[in-house]
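One chain, chain A, appears in both complexes that follow, with chain B as partner in the first and chain C in the second.
And then the complex of A and B:
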């Protein structure tokens, strides 16, 4: 397939999760919704079911979810519940509800209460101390609870061999996405910010082997192209999610390409592989979680060293970007509390940045457009 | 060599402003219409400035649009559009060559720019909130039944400090109504409103640092009460110009001249 045909396919998949859910159901498959963040999707795949990521919506407004949610919950969590309540996700056979932040923790109970008998709601608590033996064991226990609940939904035991296979499938997908991110920067004339987002977003809805095969095909085609001589500017993006095409189009209008990202919905989701040589595959998944790092949602025993901010600063320097755009999700406490440290590190390194306040109910981007356009002018001075 | 005339158009949220410059050095004509984006304002402002200059649109070597409604002029009127932040930086640097901080309070937003050698190197904008903007003052003037242009003069007659919340236009409006019902003097309330705006803007300015010379631009800079309150909050003098409301259009005309020069 040509690059354009592949990109069109990813774009289509990224925009039509409901249609794909219906297709999976029509094929007799069971589908599990996976809420952010760090859920061991491999277990769903190993169970022979289809995992679908639920990261809110850019087209819906919060209405029914208000019955359950405090006003200061982020729109990602509220709109996820909205879709579970308004029928959008009615085909799901279950959902996994991780509890890694102060919003997702109570939201896990809102999901449980509101869904009632409609679908299986699978609770997941990750350990704060994820490195120590007791943390790893806690994580294994939690994942085994998730595994048992999934077995109840799929109606059979999930074998170790199936989990080992799932780990290989997911590692392959993560490697392909990491390579794509690198190629997207080298070929940013072809892979615009909206297309880059669509390709990465499609992962959450497509069946993983099919997704990876398509992405490897796209990567192979991109490698054949000469590295583009980009005359615009480049940034690193950071935040929880920035998948709104209207917002990303503003980057394109101002000739700003994305060199790399520190976004939870994008690269933070595929930085770390699970070990393939671990005897107990559930322990392998726990170790994968333990090896996650530089994330605002994770406990850092060395937080006083500002390691995360240094990591992001290095990402900007190494990627050849001139600056950073932080998508600050409204009411996201972890990101807000992290920001002063990130700001200090960026300022100390002389890296310009802007913080754009966003939420998934935004429909007018006039102010963001002004800020991004002005930022493009500032970045030109850095070239 | 013949003169180069350039046109800068600033389509704001509440007003449309135009400036024609000769060779990027001299202001030939200016116009201001009190309605902005989405209205007949931009077109009327263009007609007015051309009439004032005795020129035709074809005489303009380059036209550059800025402001909230800038993209609406890309349909055959302007050659280019740029953000109002870059234009305000340019305009303020032209009027005050030693400027390092620009505080622009417009109809619906507040921007603080850091300038080095005439170029914007950093900026901050308000979040999605009308507090501290020109709209905030419009709402308060309506409740107080005074003209917005009289706020500065009336606030100067204040004899007693009245505290007005700086957090939300809607709640601040309720506070003003409450003060009025208690019989508080209007001049004291207005002074409280000015300090409320200054407090809000100061918080934004400190995020990027305030380096003199500090210049205030935008329509609200015409309000002497806000300028005075802001000087007190920041602890440094603030420079303004009679052209303050035209500053964005001025910067646009200057950047248009740069573009026209490159084209030649």
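And then the complex of A and C:
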């Protein structure tokens, strides 16, 4: 397939999760919705079911979810609930609800209560003290509960061999996505910010082997192209999610490409592979979680250092970006808490940045457009 | 709200004053002083004779003293978003060295009085004295306070030694919460929220000090599974090792057991004090319990705290016998106050309650701090059950238990902008309270520390609505 045809397909998949859910159901497959963050999706795949990521929506409006939560909650969590309540997700056979942030804690209860018998709501609590044996064991225990719940939904035991296979499938997908991110920077004339986002977003809705095959095909095609002589500027993006095409188009209009990202919905989700040589595959998944690092959501035992911000600064330097754009998801306190030290590290390194306040109900991008336009001028001076 | 202060209340006040004084003295002697989250197992620090201060309690005090907005704003100037928990913002500004200070004239060294402060001056008969020139009441100079401004201890430290430096130190607000020593280590337990994790990491980074972390993940079950206990217990062991390294001392089991015994005794006495709200009319207002939170948080492993609560229980017993109450109005309705109070706005919270005869006879803190346990495993299980770490069923059960026991007619719910884990399932809880208990509920928007998030008019309307619903319920029952 040509690059354009592949990109069109990814774009189509990224924009039509509801349609794909209907297709999976028509094929007789069971589908599990997976909420942010760090859920061991491999277990869903190993169960022979289709995992679909639920990261809110850019087109819905919060209405029914108001019955459950006050306004000061992130729109990703609220719109996930909205879609569970408005019928969008009726085809799901279950959802996994991690609880690593303060919004997801009570929301896990709202999801469970509101769904009643409609679908299986699978609870997940991760350990923050995740490195020592006791942390790994706790994570294994929790993952085994998730596994047992999934077995209830799929109606059969999830064998270790199937999990080992799932780990290989997911590692392959992560490697392909990491390579794509690199190639997207080298070929940013072809892979514009909106297309980059669509390709990475499609992962959450497509079946993984099919997705990886298509992505590897795209990567191979991109490699054939000469590295582009980009005349615009480049940034690193950071935040929880930045998948709104209308917002990303503003970057294109201002000739700003994405060199790399520190985004939960993108690279943070595929930085770390699960070990393939672990005897107990559930332990392999626990180790993968323990190896997650430089993340606003996770405890850093070396907290007196500024490791996460230094990591992001290095990413900007190594990727050849001239600056950083932080997509600050409204009401996201983990991101907000880490902002002052990120800002300090960026300032110390002489890296310009802007903080764009966003949420998924944003429909007017005038203010963002002005800020990005002004930032483009700052970036030019850094070249 | 002039009310009689009982010996128990005085004893409780002294305990908190002593805890602060001892920490200041320890710091002056060059000993370690730590900061701890309110539900970190204080028994562990007590085993090492460590002086520990509590930023949540400190922030509540700062907010109640009306410094909340200034300190929150200072944190925002450091880059912390105004959406972050108000306690965290106040604490982070404080950790960065920010202090609320009294403005003085550099020439004379005298404080500059803010004319808008102070109470009206009264004559011998208690009548307000009017200033003939302005036609407005004269202010009692004794009650007037200086203008306030922000200072920073790092700026003061950088000054050359001399009178100016001393004057700046002295000008810092004298309230004990503004005089807490900077931390040498931090103890974090995130059972009440995950914001705590990042909050304490920020303090550790700001002050370049060690952080000891006990992680208690959210629980979806009423029961605490053995595997969860094992995880927390292992972290206790790790925390002990870290404290041994920090202090250079061995873990003193006897001191630990003693601290546990005190904490259990305090918890039992606290629960007993809370239970006096079951009497009708209640011998005191549940709002008073909020004042005693400082003791439960900062000093629950001290014998003096247990003794002070026992003394208060005795005072209350006597009050019940005599049919007395410290509630400054006749009790017409009884409600549960859900959530942390809006500390900067306590008088505004109290006003419509008093006007309508609404007494708060139940607060969630009663069961939340009343844990009784035996041994380390049970202690791990107890610390697993914090207000925001339990599932909705457990949360509802706690609340409905005290609502029944304390015979409430309604529930007033604080949707606290500062506390996402707490407020996040209150709408469903409200539905359950009404369904299970047949009592009306009313919610209002507010904040535990940032006065900008509270609207007195909205609050008064909601209280009015609740009162009307309680009255209608009452009349229906009587009919």
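Convention: the second predicted complex is superposed on the first by the 383 of 383 C-alpha atoms of A that agree within 3 Å, B and C clash if a C-alpha of one lies under 4 Å from a C-alpha of the other, contacts with A are read in each partner's own complex, and residues count from 1 in each chain.
The definition used in the following text is that a residue touches a chain if its C-beta (ideal position, glycine included) is under 8 Å from a C-beta of that chain, and two chains touch if they have at least 3 such contacts.
Just so it is clear, the model here is predicted, and its values are computed rather than measured.
K.L.:
Once both complexes are superposed via chain A, do chain B and chain C end up clashing or fitting?
P.N.:
fit
K.L.:
Which partner, chain B or chain C, touches the larger number of chain A residues?
P.N.:
For chain A, the partner with the higher number of touched residues is C.
K.L.:
Consider the C-alpha centres of chain B and chain C from the C-alpha centre of chain A, and write down the angle between them to the nearest 10 degrees.
P.N.:
In the superposed model, the angle at chain A is 70 degrees.
K.L.:
If you stack the two complexes on chain A, which partner ends up touching A:68: first (chain B), second (chain C), both, or neither?
P.N.:
So A:68 only meets chain C here.
K.L.:
Between chain B (first) and chain C (second), which does A:366 come into contact with in this model arrangement: first, second, both, or neither?
P.N.:
So A:366 only meets chain B here.
K.L.:
So in the superposed three-chain picture, is A:131 touching just chain B, just chain C, both, or none of them (first/second/both/neither)?
P.N.:
A:131 contacts neither chain B nor chain C.
K.L.:
Touch test for A:331: chain B only (first), chain C only (second), both, or neither?
P.N.:
Second partner only.
K.L.:
On the A-aligned overlay, A:377 touches which partner chain: chain B = first, chain C = second, or both, or neither?
P.N.:
first
K.L.:
Please work out whether A:109 is in contact with chain B alone, chain C alone, both, or neither, and reply first, second, both or neither.
P.N.:
second
K.L.:
Could you state the shortest Cα distance, in Å, between chain B and chain C after the structures are superposed?
P.N.:
7
K.L.:
Using the superposition on A, tell me which residues of chain A are in contact with chain B and, in the other complex, with chain C.
P.N.:
Looking at chain A, the two contact sets are disjoint.
K.L.:
Help me check something: in the complex, which residues belonging to chain B touch chain A?
P.N.:
On the chain B side, the touching residues are 68, 82-86, 109, 119-123, 125, 127-128.
K.L.:
Touching residues of chain C toward chain A in the complex: what are they?
P.N.:
Result: residues 78-81, 83-85, 88, 190, 193-195, 197-202, 204-205, 207-211, 213-215, 217-220, 227-228, 230-231, 234-235, 238, 388, 391-392, 415, 417, 420-428, 445 of chain C touch chain A.
K.L.:
Touching chain C in the complex: which residues of chain A?
P.N.:
Those in contact with chain C are residues 67-70, 72-73, 99-103, 105-110, 112-113, 123, 125-129, 132, 134-135, 137-138, 141, 296, 299-301, 303-306, 328, 330-331, 333-334, 336-341, 343-344.
K.L.:
For a test of understanding, state which residues of chain A touch chain B in their complex under the given definition.
P.N.:
Chain A residues touching chain B: 352, 354, 357, 366-367, 370-371, 373-375, 377-378, 381.
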